[in-house]
Amino acid sequence: MKLRVLYFARLRERFGMTEEKVELVGSTAADLVAQLQARGGVWAEELGAGRAFRVAVNQDIVTLDASFPENAEVAIFPPVTGG
Amino acid sequence: MKLRVLYFARLRERFGMTEEKVELVGSTAADLVAQLQARGGVWAEELGAGRAFRVAVNQDIVTLDASFPENAEVAIFPPVTGG
Amino acid sequence: MKPGSMKIVIQTDAFDLGAEVNAMSQGRTDIGAIASFVGLARDMNEGSGVQAMTLEHYPGMTEKALATLVEETCARWALLDVTVIHRVGRLLPGDPIVLVAVASSHRGEAFAACEFVMDALKTRAPFWKKEETPEGERWVEARVSDNTAAARWDELP
Amino acid sequence: MKPGSMKIVIQTDAFDLGAEVNAMSQGRTDIGAIASFVGLARDMNEGSGVQAMTLEHYPGMTEKALATLVEETCARWALLDVTVIHRVGRLLPGDPIVLVAVASSHRGEAFAACEFVMDALKTRAPFWKKEETPEGERWVEARVSDNTAAARWDELP
């Protein structure tokens, strides 16, 4: 399935991009994270086990077992630090 | 002992005075209240059993067993309602 | 809290929340949080309309009671500044009555201390309200809920 | 709370606490309490000096997350108005970052709701801070204490 994936804050900087189109094999947030980890390098490092990050689907934070609707706007970012 | 006694709010209005000099027979807040109650009328009514009022000595709220220092500034008033 | 960084004022005039809070943070960079509270005169109390109210106080004791209360607050939480302003005299519905502002490094302390000051003020500072209603004038009775609100601080951390 | 009496703004400019709180109470006489909070940029964090910070956010999600949060707050407490303003962009120590103001008939609701909004905002609104320190730039890490502060509202009445 096709997804638009956005990155913010430290992840945006480390991945060197603000967003990309991803053709996902699978349908859940966990599938997406696994596919991105498989790129190795900073992707494996930042999205590896024990690293804290959040996934949002259509601007709501979801758990890793969440399924994506087609053409979802997905975002991956560090725990928030505003306020 | 000689005391200056101030009244505030509803008690000031009901007693018809803002302050008076009292020659107290006894030495505690309870003694003063009993002496004022003995005047009868609004005094007996407002300071009677079950009525809520506060006694302050030199501008600190005290309990009825508190002893007065000589020439104390005493105040009797209803529970406070500011803020 | 550095000496002197506590402001307690009883006045008839209105106050300016923005100016008070700005004065707290002006020229300093160690404050992370300012919690503030404004209490206003409502047009309704105990089920009847209020056209105006008059606040009476006990000059001298009021200042003393508020200073003691603020010192207690500063001993309990790590604070950087506290301001308390309470109006007296005749006020109309919508008029601000009381302002409490508390500055701290972190928000938890600022919120707790600000609410504590308000709860304690409601039971310990010698102010009394007299309301003008269509049925005539009446002195406001102390609320049991205010005693409950003040008492819970005896148990809380 | 009447429809529309909720204001959520993300902006680079400074805000004016006094003006926001005055706007809430202007022309109405049913508000008895306004609790407010201002969070400011500090010159120190995690033991090192902070010369400036830049706030990044997720446009679209930020507004949605804050609107959801405020709706949740209004469902939980009897409120008359809520304002949330959060700044983004580069800020210096002493600069205000966030403002939350909550109006209610009574103070208990106003205090609780204001603190709830701040605690929830800290864990649910997509803002990120990057600090400039003498040792270089660094992204601020989320605080365990913020999760603790947010989680306690799951248990409290």
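Letters A, B, C and D name the chains as they come in the text, with residue numbers starting at 1 for each one.
Please note the rule applied: a residue touches a chain if its C-beta (ideal position, glycine included) is under 8 Å from a C-beta of that chain, and two chains touch if they have at least 3 such contacts.
These figures come from a predicted structure and were not determined experimentally.
Ranked by how far their CA centres sit from the centre of subunit D, the chains are topped by B.
Rounded to whole angstrom, the centroid-to-centroid distance between subunit B and subunit C, based on C-alpha atoms, equals 26 Å. Centroid to centroid, with C-alpha atoms defining each point, subunit B and subunit D lie 48 Å apart. Chain centres here are Cα means. That of subunit C falls 22 Å from that of subunit D.
Residue positions of subunit A with contacts to 2 or more other chains are absent.
Residue positions 39, 118 of subunit C are each in touch with at least two other chains.
Every pair of chains in contact is given here: A-D, B-C, C-D.
Within the complex formed with subunit A, the subunit D residues making contact are 39, 55-58, 60-61, 64-65, 86, 97-98, 118, 121-130, 139-143.
Residue ranges of subunit C in contact with subunit D, taken from their complex: 16-19, 21-22, 25, 27-44, 93-94, 96, 105, 107-108, 110-111, 114-115, 118, 149. Residues 6, 8-10, 52, 56, 59-61, 75, 77-83 of subunit A touch subunit D in their complex.
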